């Protein structure tokens, strides 16, 4: 589904991703963990094309998409739930979802998203900047689904969500996986991240420093202490 | 980056050093210059003060004013009227002109400060246009379209007259340097940092405990004061004050100077002023198509350095966050 | 304060011309430049055995720029004669400069009355006209010949408009007419509808003072509002000047105006000039073109009179003030004590000849001074014509 | 003041306001949608008029002039956006400066191509007449302007407010990068908006050329008007632009008719007042 | 690093102790409506000086809105807000800050193109008259710099003082967000999801920092991470559809079936 090989990404002169290789197979959930400022978001930005890598290759569904503009990526079946939500402030909730729709025939429709997040249905005609933080997060997830993606990039989708909703998002993610979606997930909520993941990578200073299955990581206290700072 | 607890030693930053060097160079070279370049240099020094005064609002506080010609012009008119009709000397003219310009800014500030961004641009434009209308319309005071001609250069009572280009150049240069120093300290002061904070996030400033309105208002008035100072010099320099001095084009040009040099850097604004004065007056000597060239230069500079010439050598832009 | 030196004698005679070559008034600046060049071309840029050099500076139609450029011409180029300028304010601003620098200066275009009336400058000679000069003639002519009794005036709301309307009103009312309404249009007007629709219908005629695009717009909108067939239109010279006349349509037919020039003037000098100008510029000469052509000749005649010794500024100034010629395109000209020309004033009517509009001359008044028939000293005791002077007792 | 005075002057104001709407709606669109303060907008108006003039000279057709003017200037707008402004996206000040640069160049180019003489665009006979109603006389051309502006306004409102395209445009404004991230072809959207805005101004220029004329300096003469309209109404608000243009048209007209000596204030003083009281215009949102 | 020294409460403008209430912050039937939506509905809340209290509730319950009303960002539709016994319902934001109220924002609100140190200096000078000084460069105020650096050390940004804020990662910006609130040595601190966006490691650091704050400081925090919240506070108030539906000790609230149903979800 997604293959990254030897990505190097820079912000100006600062070298953030330093030779990163990783893949996501169809129907798989791969989770990225790591402390703040290690390059997780940068990874997401490099994949979708916001900050194209200076070196390395991004392959998606067998095509080399390294320097494609983001909207082509989306048309090709990728969707992003960005960090910090980034909903369209001056659009209503409904419009936020509508603009992201790619075709009329997809599985994800407005009613289906509103069914998934009833709270959004209540506020459908409100402008998105008037939503609470959690509501915006739901909107960002719903918006990504509206494009019927094959691969979903989720950058900390549970930030700011109440425990109930965190669990709900966990269920949504599991459900999406069952439908055959591939997901690359960046997450700080360890229990959630580990419960849905097929494989886990830990990112530190722009490099992958640990890869394993979730159970192995759970058991590996040294790695957890060293790279995640959890005892 | 020193990480000690002590405050960084107050080092002179490079721009300040470069600025002093430029001033000194201009001062040393002046006697060797032909009359016309000297005239232009004088003009540039004066206009630089105007551009820097605008930069306090534009670059530091994030308030793009399009009415700066108003304070400039009011001061210039005050000098022109007092000097021609009352034969008032430098001190009297200066005080009266600065008072009037500052008072106008104080009045306009009350009206304008609540608006931000483009709305601020437009309300200052509108207020500026009102002053222009006044200059045009209040014929008994301003002589309307004809303007006030024959403003005599001030005598300093020191024996030499400022009527000659060279002494007047030194006079203007000194005045500009003083204004620059004063504004330089201002933007580096705690108050100046507050202005930058307002530029970045007003809501955060409020939450921290700043009276944002007051801060902006003070910046507005101070900016008007310095614009007035430039106006005083201008009246003496040009010997003529007319509605063109308060018109929109003057405000726009000032904005261009401040922005072209790099908003948020006083030296940049000064540089922008010097560049535009020379560009306009030299290019037009050689070709009638100078507007075309001027336009192309603006576009080129901005493509090359979107944050202004000096901005290109300093920090990252304010993001569109 | 440069005394004539042998060294300076060798170089060319330098004339500095200020003209608006960019900006809204650039078409006028172009005419000024073409007129000047046309004359100098004709004499091969030679006068009194010396080369003549013309240095042109763009004023952008802005007085501050004009001043800067004037300084450049005087201080850097060391011109011997300074000339040109468009706006009245430029005239007032150049006065002190000319006096301080003691530089012989001529004003071919700037027409503000006081430049040669209440505030003349020793070093400035006007080779053009002043605003009220032709209007004094016209007001009297309208009252006496057309026998109109009630007139509405409409004009640009600034000194040029005031002086033109003032001159007209004074002689019109002195000869029994009544101005029954005065409308002033702000300079920033481009839609004249709010003013045109206010014109009192009982008027015998409307007297208009416009120039450039405002003239074009006004005349057009006067017709659009349905007034053209019903109330005759009169105007000052610039309202139908050749700088706008060719762009006008039939709406301009019949408008009567007065000026010291018309491109249709039937004298040999003008025939020759108009033809040459059309060949050079591709259009008929406006008064701006003629006045600058004449101005160039004027300067050259003065130079010749002093044998080319232009470094003697006092002599050059005196010569400029002595020029008196009978064969300018506009007719014979002499100069009065205040530095303003005494010249013919022509009453003109817009006609269509050979498919083109022209200002046909229908009456000629010879040797008109800026004070018309009034005594200069008495005249100068009156205030300058303004918005409210002369007052309007019949409004 | 007779009833006739009030009716005629209101009509004058409305028709002038309608012309301003054509000019300002394009500005508001570009301004509101792309956050670009386009100081070359007056140039579009002027250039549109000049292109229209040339076309009328060649073909004698006013309709051809309208179409050609709009298309030609839309192309200029596309070029400006595509090649220059796009590189500065998000940098408000840089964009402002750049549009000033273009405005200066356009001013000079127009002078180079069409010379400095003022012209008016000749009107087709059908638009030249006068419609009389009792003692009142309404020039047909002014009625035509009102009709055109109304149609354009309605079309814009439907597209922007009622369609997905409108939402996509606004999404691109809110967060350009993220709009691409949900699959919106932001570059195409921006280009379209810019072209439309420029075409509207040019349309205004050709129509205005029929009674205001086409002349150098028209660009910077109409620009403040356009800005006053947009600002008084509120940035990027279409209803705002409509109300703003009517208000400004009427204010300017009655100001000049009733207090001509205050005409330098009748436009800007009320605007300053409105902004002092409502710092985001009548319909604007912070 | 002496962190307690930094956090010692020292308020510029001493508030007169309120008439007999003794509460640092008191809300009396405060409501905030947006059109028809009552985002905050008749909320009463009394927080004693030095108390640590959590405000929890489902997303959209009105927690942030309540903060905005307390800090003055939004005017209350009705009700009274008292700060140290003083009625501040109508007071401007900066007046409340001057009384010792500080807050963080849920959506990071810092000064992006300034350096981390400059950000902090802005917060440090905010409550002293120095902020209006124009005649001396900021570099001359050594005490301000020292205080700013100590604060940065405390939140773990000591090494990044010279970095431009927009180059920081999201999590680092969250840390700065807190530093700005702490730098003014507030007496009442409102924290809106201080650990959101922080990695578990950074969250732990943050929790430790909050726990070590001057005990005299009153802290009201919104937090969705229950482990962290319950570790820090003794008292919890639960908001749902703008109303207070539970209020009590952490154990009591945790055991409350309604809270479990609508919020904790287990």
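Lettered A, B, C, D and E in written order, each chain numbered from 1.
FYI, a residue touches a chain if its C-beta (ideal position, glycine included) is under 8 Å from a C-beta of that chain, and two chains touch if they have at least 3 such contacts.
The model shown is predicted, which means the values in this text are computed figures rather than measured ones.
Traced through touching neighbours, the fewest hops from chain A to chain E number 1. Relative to the C-alpha centre of chain D, the farthest chain centre belongs to E. Chain E has its Cα centroid 41 Å from the Cα centroid of chain B.
The distance from the centre of chain D to the centre of chain E, each centre being the mean of the chain's C-alpha atoms, comes to 48 Å.
Centre-to-centre, using mean CA coordinates, chain B is 38 Å away from chain C. Chain A and chain D have Cα centroids lying 44 Å from one another.
Multi-chain contact residues of chain C (touching two or more other chains): 22. Residue numbers of chain E whose C-beta contacts span two or more other chains: 167.
The residues of chain B that reach two or more other chains are 136, 249, 291, 316-317, 319, listed in rising order. Here, these are the chain pairs in contact: A-D, A-E, B-C, B-D, B-E, C-D.
Taken in their complex, chain E has these residues touching chain A: 34, 56-65, 106-108, 167-172, 174-175, 193, 196-204, 224, 226, 262-266. Listing the residues of chain D that touch chain B in their complex gives 31, 37, 84, 87-88, 90-94, 96-98, 100-109, 112, 220, 224, 227-228, 231, 235, 261-262, 264-265, 267-269, 271-273, 275-276, 279-281, 284. Those residues of chain B that touch chain E in the complex are listed here as 1, 3, 5-11, 185-186, 188-194, 196-197, 200-201, 203-212, 218, 222, 315-319, 321. Against chain C, the residues of chain D that register as touching in their complex are 5, 8-9, 12-13, 15-16, 107-108, 111, 115-120, 122, 130, 137, 139, 141-142, 211-213, 215-218, 221, 252-254, 256-257, 260-261, 263-264. For chain B in complex with chain C, the residues that touch the partner chain are 34-36, 39-40, 43, 136, 139, 144-147, 149-150, 163, 165, 238-240, 242, 244-245, 249, 281, 284-285, 288, 290-291.
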